[in-house]
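Residue numbering begins at 1 within each chain, and the chains themselves are lettered A, B, C, D, E and F in the order written.
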Amino acid sequence: MSALPHFIRNIPRPSQSVLEALRAFGTATVHEALGRIGAMHSSIKPIARGMRICGPAFTVQATPGDNLMVLKAVHEAQKGDVVAVDFARITDSGPFGELIAIECQTKGLGGFLTTGAVRDSKEIIEMGFPVFASALCICGTVKETIGWINHPTSIGGIVVNPGDIILGDDDGVMVVPLARAEEAVEKSAAREAKENGVKEKLRAGGSIFDIYGYQKVLDRNNWTEE
Amino acid sequence: MSALPHFIRNIPRPSQSVLEALRAFGTATVHEALGRIGAMHSSIKPIARGMRICGPAFTVQATPGDNLMVLKAVHEAQKGDVVAVDFARITDSGPFGELIAIECQTKGLGGFLTTGAVRDSKEIIEMGFPVFASALCICGTVKETIGWINHPTSIGGIVVNPGDIILGDDDGVMVVPLARAEEAVEKSAAREAKENGVKEKLRAGGSIFDIYGYQKVLDRNNWTEE
Amino acid sequence: MSALPHFIRNIPRPSQSVLEALRAFGTATVHEALGRIGAMHSSIKPIARGMRICGPAFTVQATPGDNLMVLKAVHEAQKGDVVAVDFARITDSGPFGELIAIECQTKGLGGFLTTGAVRDSKEIIEMGFPVFASALCICGTVKETIGWINHPTSIGGIVVNPGDIILGDDDGVMVVPLARAEEAVEKSAAREAKENGVKEKLRAGGSIFDIYGYQKVLDRNNWTEE
Amino acid sequence: MSALPHFIRNIPRPSQSVLEALRAFGTATVHEALGRIGAMHSSIKPIARGMRICGPAFTVQATPGDNLMVLKAVHEAQKGDVVAVDFARITDSGPFGELIAIECQTKGLGGFLTTGAVRDSKEIIEMGFPVFASALCICGTVKETIGWINHPTSIGGIVVNPGDIILGDDDGVMVVPLARAEEAVEKSAAREAKENGVKEKLRAGGSIFDIYGYQKVLDRNNWTEE
Amino acid sequence: MSALPHFIRNIPRPSQSVLEALRAFGTATVHEALGRIGAMHSSIKPIARGMRICGPAFTVQATPGDNLMVLKAVHEAQKGDVVAVDFARITDSGPFGELIAIECQTKGLGGFLTTGAVRDSKEIIEMGFPVFASALCICGTVKETIGWINHPTSIGGIVVNPGDIILGDDDGVMVVPLARAEEAVEKSAAREAKENGVKEKLRAGGSIFDIYGYQKVLDRNNWTEE
Amino acid sequence: MSALPHFIRNIPRPSQSVLEALRAFGTATVHEALGRIGAMHSSIKPIARGMRICGPAFTVQATPGDNLMVLKAVHEAQKGDVVAVDFARITDSGPFGELIAIECQTKGLGGFLTTGAVRDSKEIIEMGFPVFASALCICGTVKETIGWINHPTSIGGIVVNPGDIILGDDDGVMVVPLARAEEAVEKSAAREAKENGVKEKLRAGGSIFDIYGYQKVLDRNNWTEE
């Protein structure tokens, strides 16, 4: 046990082509396509409408009120990575602000995700760096406590492995297991194609209730109307 | 009891002229005009600033995590209706998304209201269909459980009867009992007229405290100043 | 004790030059510059992105559901003052709306802050008067109960003295004690200058982790990597 | 629609023998036995450890802050009935107290269930009448607003029909649909018998993991150990 | 303003006879008897069932996470006083523990009330000193920040003046304004006498619905039954 | 990375003598003695008053709604271990119940800790096995998803390493880092000895305010009295 390193430098990452393909889909689509898995707790949202993230997770276990591990992780993450930090959904400090956001953006990181809070929201939104968090909070943090980087980490109720793909949009965040990334692309595309067909029918006046034949579920349950 | 149908097809509805008249007022105005009644729990808000709803309630009692009743209700509701669904303020699934929104918009429904969550928020906001909800959530639902449509239904702390008018804006949602719709229009107009007079005085430098003579309430309570 | 007046008319206020200087800084900067003090509970936020307040506190202790003290305070406050009201973080009524906002704006008040809720949010946002609150709520209030104006008042977890400076932006609200206002300007400017230097380094590819030498904290804690 | 009565006097009820049989099981057992259905929101709990309820639901839709419908329902309910009231999980008033509890107990009602709050908790606990609620609250209520009694009612996220069986213990409350009451008894007994066998094995040193063979689930997922 | 002292030593107090008389009533009774006033937020409860407080408020405005003012107040309070502290309903530290409880009990204080959290709950409960709080929390506090003692203070949504009577039982806490203490005793006694009459009728099989004649409210609202 | 095993069998553990020594102290004492560290989120409490835990952490990262990892961990943990599971503070399922509790007790485990919910609370309390959780919930779980056992795991806001000591009582849970266990015993004993001296003084009529000389902090802050 004592041999477990605090920081695991080498992590697997998805291919660029898979990331580009996944980026085109909404979180709800991929969540459904993979069999309704991977949705983080709904308290985690973009700090401004329209932000999107899609990149491999660079996972961090940190202590609420201390952002030393955030700084180390941002320092070590690679272009495109999404630094994803578990702060136990405790939101009374802002361990991510404008300075770190500048470093992230300069390095070309894919985004920042925390179950806690962030600050300097105006500046971060203006620079256009995508950040997903549970709250905004003015309060500062210390830099004293070590944690663990790139270990499997439970974030927002989902166990995230480093390299798993973090996908976020206005609806929230979901996690695509790395091993299922290509499957996710295929099934999402298939689902979207199918949904496009349904959309056409709906725009022509059709009804989901009829298209999928849900009357039979009602009948099975002795549905009555007046 | 066993004779109570799951779905009551024929419901009363307000006249178009009453709806058009009510639509011009803010929720707070109508709430005050009717004697401070009808305001739903403040957790229910438009999913984007500026959305408004004003239409007869097509009420739904559904089970959290199951949107079969939503699909049936949307299928059966008429132009202008607001499908209003009680999901018990449980927000860990999104039983309303882009597909249903397209069906609603194509049919010309007046809006969708839920005490639960919705998903595909970006797409719904772009298409301009008004949706009021407690949260956004990625998670999907099943379609297995029957409930009750157009029965009196407690939604956000207000017992809504089918045909009652759902009025929503950025401040939240209030319910106008159908039998009091015309009274609501008249009293709201009167209140607004009166408030317009007050606004003029305020813009000219007046004070609400003076206009309404609240010093006498202070005096009655032995107010002291230094 | 019985000699304590309900309303203390004369309160100290900061100079215009200090207010102008402080207004240029973000809340997080000033909070850090003064040694991480003064941040109110993170539930208190502007009712629309981009609103800012910076002015002396005109403090109010009021009873939830009753806005008589709000009306009295707005009536008595001076140009630039921020009327700051403790409503115990209870948000099921809206004791501040369009009418009071018009009076505030006409008088040139600096803003309105409440731990409770407000209503008529659309109209208030359109008129551009800065309001910070915990929620939006349709429900009305009575005008019956006296409270205390310009006594030291605990608002959002911070004991605010009348004349202390309320500083608010998208991240939330912080309080600068009046006696430390000039110190706040100096230290914030110093902090910002220092941060500007860091920003340049970051934009040139530097890392906060290196710039501040946090490796030594890791080493002190027997950090291991793989 | 206008023909729907506010109060439906005649409701179906389960037999005494089914009720007695169900009463012997814990809520978790019956919930599992019926395929994981019927559990109300976990905020609803007995007001004192050890309270149990098992009886047919006498359902009430009421307005928060108004207990007129509670008084009518208690007046009309029969021996053994559980008066079950939806107050929308709004807990800032106590619409049930000592007086009503005395009436309930004198009439031999089976219990009282609310998604809201109660008061006079000490007196109610001492008299031993079983009450399940979300909170305790001092505040009083008015008696002005009518609602609906013995309509299908969504209570704590479960659509309850009058006559459905309310089963509550220290873990919370679940609802057994009347039509499945006998099935619930049989399947719960079977589950308990099976669990008793497992308990014996566990007390002899066995492990659930081995007994149910979960190693195969791990193997299927490429489990690794060190 | 600068003349306002941090600590006001002399406060009015109710007579012992009034306190003894009030102590006999439940919080809900006095709340109703005075016209439904004075109930604190329902999150504030005794840390163990059966604790009761009844004494004059010794009010404290303190900063969350700092208990210097608590220590000063306990030091200065007199036999029978209830030290009542506003911590803004922020509960992530425990500014009251065993040591302070011993000092309180030795001095014969009437109780301790906080909108925040306490610790050493086991020891405090065993010694039988009555404490009302919003939570239990292990975390410690500093002793660095001054606040205000015996100023009017908003506690749990109620503006408490020093000397007002804090009355607490299992249902929560209510505040009796000092000037209305005798009125509270009289009206509570009258209410209790009236309720005793009702209780007898209920135990004899009567119904609140009939006793108070609520059928007429139903009739006024076009109540229908089936 | 791919080499990281799901389950790490061999973990360090504290000596029995250290555990026995620590068990004698309250959580608040040890938290203070180590410099105010290690307190978990205050939502995690014993499921019945009086329960205590003190043992090495056997850490589990699991997915909410799935207890496969709980079963595996209980299967593998040793006498005295405290199985400590992160369920992201999501409490709408009960992944620990009577059967698992029997297995735990038969094996002599030291306790069970979860950020989620448990069920069968009555039976578990009667058997006297110590369980700390955030809630009680009837709902069942599946057994399908693998996670990680005995990796460093963030539980209730504290990063717990396997073998760290979990200490819990009525106030909540704190974590003693294994490397600081002996220091914790010594410093807690010293603190307790010192506090015993203070307690004697307090029982003799002394005051904490005087004993620690806090008047000087007040003087430093220009304290005024009237």
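List of remarks:
The rule is short, and it goes like this: a residue touches a chain if its C-beta (ideal position, glycine included) is under 8 Å from a C-beta of that chain, and two chains touch if they have at least 3 such contacts.
What you see is a predicted model, and the numbers here were worked out from it, not measured in a lab.
Contact with chain A and chain F alike is made by no chain in this entry.
Touching chain A and chain B at once are the following chains: C. At the interface between chain D and chain F, two copies of one sequence, fewer than half of the residue numbers in use are shared by both copies.
The distance from the centre of chain B to the centre of chain C, each centre being the mean of the chain's C-alpha atoms, comes to 32 Å. Spacing of chain C relative to chain F, judged by their CA centroids, is 37 angstrom.
Taking the mean of the C-alpha atoms as each chain's centre, chain C and chain D sit 45 Å apart.
Multi-chain contact residues of chain B, defined as those touching 2 or more other chains: 8, 10, 92, 145.
Those chain pairs judged to touch are A-B, A-C, A-F, B-C, B-D, C-E, D-E, D-F, E-F. Here chain B touches chain C in the complex through residues 26-28, 31-32, 36, 39, 42, 45, 49-50, 169-174, 195, 198-199, 202-210, 212, 214, 217-218, 221, 223-226, going by the rule given at the top.
Those residues of chain D that touch chain E in the complex are listed here as 4-10, 48, 68, 71-72, 74-75, 91-92, 94, 97-100, 102-103, 106-107, 117, 119-123, 135-140, 143-146. Within the complex, the chain E residues that touch chain C are 1-2, 4, 8, 10-12, 41, 61-64, 86-90, 145, 147-148, 150-154, 156-159, 162-163.
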